[in-house]
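What follows is a pair of complexes built around subunit A, which joins subunit B in one and subunit C in the other.
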Partner chain A sequence: MATLHTKSAARAMMAPAVIALFVWMIVPLALTLWFSTLRYSFYGIDTPFVGFENYTYFLTDPRFLSAFQNTLILVLGVLFVTVVGGTLIALLLDQAFFGQSAVRLLVLAPFFVMPTVAALVWKNMMMNPVYGVISQVLAALGLPPVDWLNNYPLLSIIIIVAWQWLPFATLILLTSLQSLSEDQKEAAEMDGAGPLSIFFYITLPHMKRAITVVILIQTIFILSIYAEIFVTTGGGTSSSNLTFFIATLIQLDGDVGTASAGGIVAVILANIVSIFLVRLVGKNLEA
Partner chain B sequence: MSAITLRNVSKRFGDVVIIPGLDLDIRDGEFVVFVGPSGCGKSTLLRLIAGLEDVSGGAISIDGRDVTETPPARRGLAMVFQSYALYPHMSVGANIAFPLKMAGMDKAQIEKKVQGAAATLNLTDYLHRKPRELSGGQRQRVAIGRAIVREPNGFLFDEPLSNLDAALRVNMRLEISELHQQLKTTMIYVTHDQVEAMTMADKIVVLNRGRVEQVGSPLELYEHPDNLFVAGFIGSPKMNLVTGPFAERNGARTVGIRPEHLLIDRSGGELTGTAGVSEHLGSDTFIHIRLDDGQSLTARAPGEFRLNHGERVGLTPEAGRLHRFDEKGAAIR
Partner chain C sequence: MARGISPTRKIGMTVLAWAVGFLIFFPILWTVLTSFKTELDAIAIPPKFLVFDWTTENYAAIQEQRNYFSFLMNSIYLSLGSTALGLLIAIPAAWAMAFSPTKRTKDVLLWMLSTKMMPAVGALVPITILFRNFGLLDSRIGLIVILCLINLPIIVWMLYTYFKEIPGEILEAARMDGASLVKEITQVLTPMALPGIASTILLNVILAWNEAFWTLLLTTTNAAPLSAFIASFSSPQGNFYAKLSAASTLAIAPILIIGWFSQKQLVRGLTFGAVK
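Presenting the complex of A and B:
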């Protein structure tokens, strides 16, 4: 079917989508690049060209370093919790038990909760130092309450985001677990491997590809976390990630120029991360 | 080296009885083939012996030691799966080494044993490849390699050749038989292919619906089938089963005659009919004949034998080669 005719037809059919996507991407990128070279503030009248000045402002801002750090901690923390936790929950759900399908559905539930709502629920119902569930439990155990959002803002956000993404990781890892042939586990059992050896030598290598997919997709989304920070801590150096910091530049400082420069820096950083990831993941996705 | 004994072993899945209760003795060093149609419980029986399934009742012992509750790894048996069950992310060498690694053997010794197994199975050049880069026959050999490095007391084969093409199957059949001659270890082999059973076995166990229909050497089963099921299952093409006046003349409800024991004579015989399709294989000719009372028979003529479609023929069974069965299907001797 791969004749010259079908090829050109395919190109013609795909062209509108490709062009639309390209324009969708290139116009905002070009505008941001352009704004990043202007002294463009809500509080100034002129927008003179200043070259790379905005980039210097952005990169030397002490908030940039903390935001960059927070972004890394947030992404790595959430990835760690969701991949390890997701694997364990998937292993549990892979067992046959009564009410399996109902439990699987329930495990998925957090994924359907909107980020803002999830953050509000966690902030007010779970983590509130006075009447939050966690404090109640701690009190019942005779332990002092913890003011999560004030004392451990970044950890709190990691917990909330991890809670939201755990179902996704679990789902992907569970499907991968289910595709592991029973024969291989039985062969390993005959070969004298115990449950732990079977997990590390057979199950985990089999799940490698699914784990890479989880890491790749989650990284993309967790780099741009905004609502959870906005609702819970409202930012600040201890919990702002790059996305939130750049938004702050516009919302609080009214500085479109520096914010645009920050946007471009974030795009470059995200690309560096994605190059590493694609290299790492690409190897696992082959074959 | 081990003798395996099954006493009143049964298996149920919920309400479904797969094996109602079965006794079997496998002597040390024997090559035993479980054969039977799909769903007869032969694979289940193998998995019970392996320990991959728990018995619902009865006892299994290996060399006099009761292993009914022993986990698979400690029974000292190695298994080759129908799907080969190779570990896809490990190289051929790592696959073969896996049972030794699990046994905690030191690296140098593992290396030596893997090289030894690879040499036996012609896999030396492939040790660094992944299973997916191998052909079906090579994968099969890796699976066997993984089984032999452990030097188990017995081998279990679960339809190991069913995923191979016909030519390779004949080859691997010989290789497995050769391996049995070399190792002299007990082997249990499951297949639905009676040709594999006939060619490889010291002892064939014919299973039907979880029951043992007959146990014996290939020739015993061929020459003296205990019942209609075994008579129809063993031998290719199938034994002709004739009922009616001819059977009654011979004092039986059903009479079995193998195609190779029918003499064809155009001038007439004990049975008469019309020739149908002839299958010319070169070495033999199989002729399908419809008897006058409507029953179909297959006759084998050695070499080339010309018979036109629709021609009248007479058939005479070779003396002493008739198998007689009563109304319950049991052999009359």
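Presenting the complex of A and C:
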């Protein structure tokens, strides 16, 4: 149905989107690469070429190593909680009970809460060692209060981010669960399969693709967590991830060169992660 | 699940499911409740759940004191502006890919998705410098462009999956009748595509409204949206839980309502059509 005429029209229609995204991808990357080879500060006058100096400086900064570790812990921690928790809650919501759509709305709600609100509500009203609801509940049970953000900053941030993303994982996994045909389960039941073997041999393989999607998409977003750290701990070696650390380099230190080197390192790491992820789960997505 | 389910099991599941739902929703419920308390009741020990002097003074205080209104307007400008700009660019592209696909269409789509993989912090330095040099820091227009670009892949993908579902025969019939390209789009395609476009708008408004990387890093006051307004509560200044709660409730209420209405489309949009 595509004639030459419609083909060139199609190309013209795609051009703005393709060009916009191409420029968005290439120009900042090229500039970052260029700046990363300069000694360039908001407070300096000259911007001399220094080769790899900024990279050495960035990679040997002890804050880099801690930021790198925190990034890994944050991503893996949130993925673990949301995938396992999301699967369990999806299985629960797939059962027959009264008020299904109402409970769905309740479970879904945190996803729509903006990151700064989620983080501040948890920091002040849930995790505060004196007034926080968690401490009050612990006190009622006769347990000592916990100063979450001071003593366990990274764990606290994992809890907050996992709360925000649990609804997403649940919703995707539930959608996938509902497309599983009842016949298959019934047939397995007739053959004498128990609920556990039905879950591991029928339900879980069916959900593989959805779990893959959840992991991929969440990883992209969680690598770039910023606001939750900004309003809770305000950074520091115990809770900064790479995104936050690099943002600090330019926002507070005005150190364009080192921040750019950090940006390039982050891009390389993200690419390694995505290649690794795509390869690990590529087969799943093809189906 | 139509098979015989014992009533006891169903009641048990009901209790369990509602308990889980309540637990997950609790921080939001608590925020809304606290927004109607006095600052003293907000930090009462033990906490007051429903029995307290209900007041709307926090809402009044928020609207008066901290130029809340300009932050709200910025949130509206940014989310609607970036969505409109995004649609303007994405609708033709998605239309072309859905109805005149070539061998490379799939590659182009995957490449667009891959731009989403690029960490924001990789672009932060040059964008900050470009914005400084062109006077775009703390400007709405600069932020609208950025928000549009970060969500453009999602918009194109989502529209593409919706457009794909429109049967091509209808377009061919329109062409046989001598409809021009413009007529084809405006009179045949658009009415059929409206539900998909509406869902795309909703999802993109949600994403732009809640964005909190670029909005925090590129604004101070003039272009700062509600996410930045809320962040300004992070520095402790005495007892402010009730006011924080009121501001938070105002900031999340519109999106929560939109989100609840568009939950099904959300799955599609955020998974790039991979899960329906």
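Everything below uses one rule, namely that the second predicted complex is superposed on the first by the 278 of 287 C-alpha atoms of A that agree within 3 Å, B and C clash if a C-alpha of one lies under 4 Å from a C-alpha of the other, contacts with A are read in each partner's own complex, and residues count from 1 in each chain.
Throughout what follows, a contact is a pair of C-beta atoms (placed from the backbone, for glycine too) under 8 Å apart; a residue touches a chain by one contact, two chains touch by 3 or more.
As the structure is a computational prediction, the values presented were derived from the model and not from experiment.
Novice: Specify the outcome, clash or fit, for subunit B and subunit C once both structures are aligned onto subunit A.
Specialist: Result for subunit B and subunit C: fit.
Novice: Tell me the contact category for A:I89 with respect to subunit B and subunit C: first, second, both or neither.
Specialist: After superposing on A, A:I89 lies in contact with subunit C but is clear of subunit B.
Novice: What is the contact status of A:I202 with respect to subunit B (first) and subunit C (second): first, second, both, or neither?
Specialist: After superposing on A, A:I202 lies in contact with subunit B but is clear of subunit C.
Novice: Using the superposed model, measure off the angle between the directions from the CA centre of subunit A to subunit B and to subunit C, in steps of 10°.
Specialist: Here the answer is 80 degrees.
Novice: Is it subunit B or subunit C that touches the larger share of residues in subunit A?
Specialist: C
Novice: May I ask you to decide whether A:R39 touches subunit B, subunit C, both, or neither, giving the answer as first, second, both or neither?
Specialist: A:R39 contacts neither subunit B nor subunit C.
Novice: Tell me the contact category for A:D191 with respect to subunit B and subunit C: first, second, both or neither.
Specialist: first
Novice: Under the stated touch criterion, which partner chain does A:Y131 make contact with: subunit B (first), subunit C (second), both, or neither?
Specialist: After superposing on A, A:Y131 lies in contact with subunit C but is clear of subunit B.
Novice: What is the contact status of A:D183 with respect to subunit B (first) and subunit C (second): first, second, both, or neither?
Specialist: Only subunit B is touched by A:D183; subunit C is not.
Novice: Once superposed, minimum distance in angstrom between C-alpha atoms of subunit B and those of subunit C?
Specialist: Superposed on chain A, the two chains' closest C-alpha atoms are separated by 5 Å.
Novice: Identify the overlap between the subunit B-contacting and the subunit C-contacting residues of subunit A.
Specialist: 186.
Novice: What does subunit C use to touch subunit A in their complex?
Specialist: Per the touch definition, subunit C meets subunit A at residues 1, 3, 5, 10-11, 13-14, 16-18, 20-22, 24-28, 30-31, 34, 43, 45-47, 89-90, 92-93, 95-97, 99-100, 102, 108, 112, 114-130, 149, 152-153, 156, 168, 171-172, 181, 206, 209-210, 212-213, 216-217, 226-228, 230-231, 233-234, 241, 244-245, 248, 251-252, 255-256, 258-260, 263, 266-267, 270-271, 274-276.
Novice: Once bound in the complex, which stretches of subunit A touch subunit B?
Specialist: Residues in contact with subunit B: 181, 183-184, 186-193, 197, 201-202, 205-206, 208, 287.
Novice: Would you pull the subunit B residues touching subunit A in the complex into a rising list?
Specialist: It is residues 50, 52, 71-73, 77-79, 81-83, 85-90, 98-99, 102-103, 132, 146, 150 of subunit B that touch subunit A.
Novice: Taking the touch rule as given, give the residues of subunit A at its contact with subunit C in the complex, in rising order.
Specialist: By the definition above, subunit A touches subunit C via 1-2, 6-7, 9-11, 13-14, 16-18, 20-21, 24-25, 27-29, 31-32, 35, 89, 92-100, 102-118, 120-126, 130-131, 133, 136, 140, 163, 166-168, 171-172, 175-176, 179, 182, 186, 209-210, 213, 217, 220, 223-224, 226-227, 230-232, 234, 242-243, 246-247, 250-251, 256, 259-260, 262-264, 266-267, 270-271, 274, 285.
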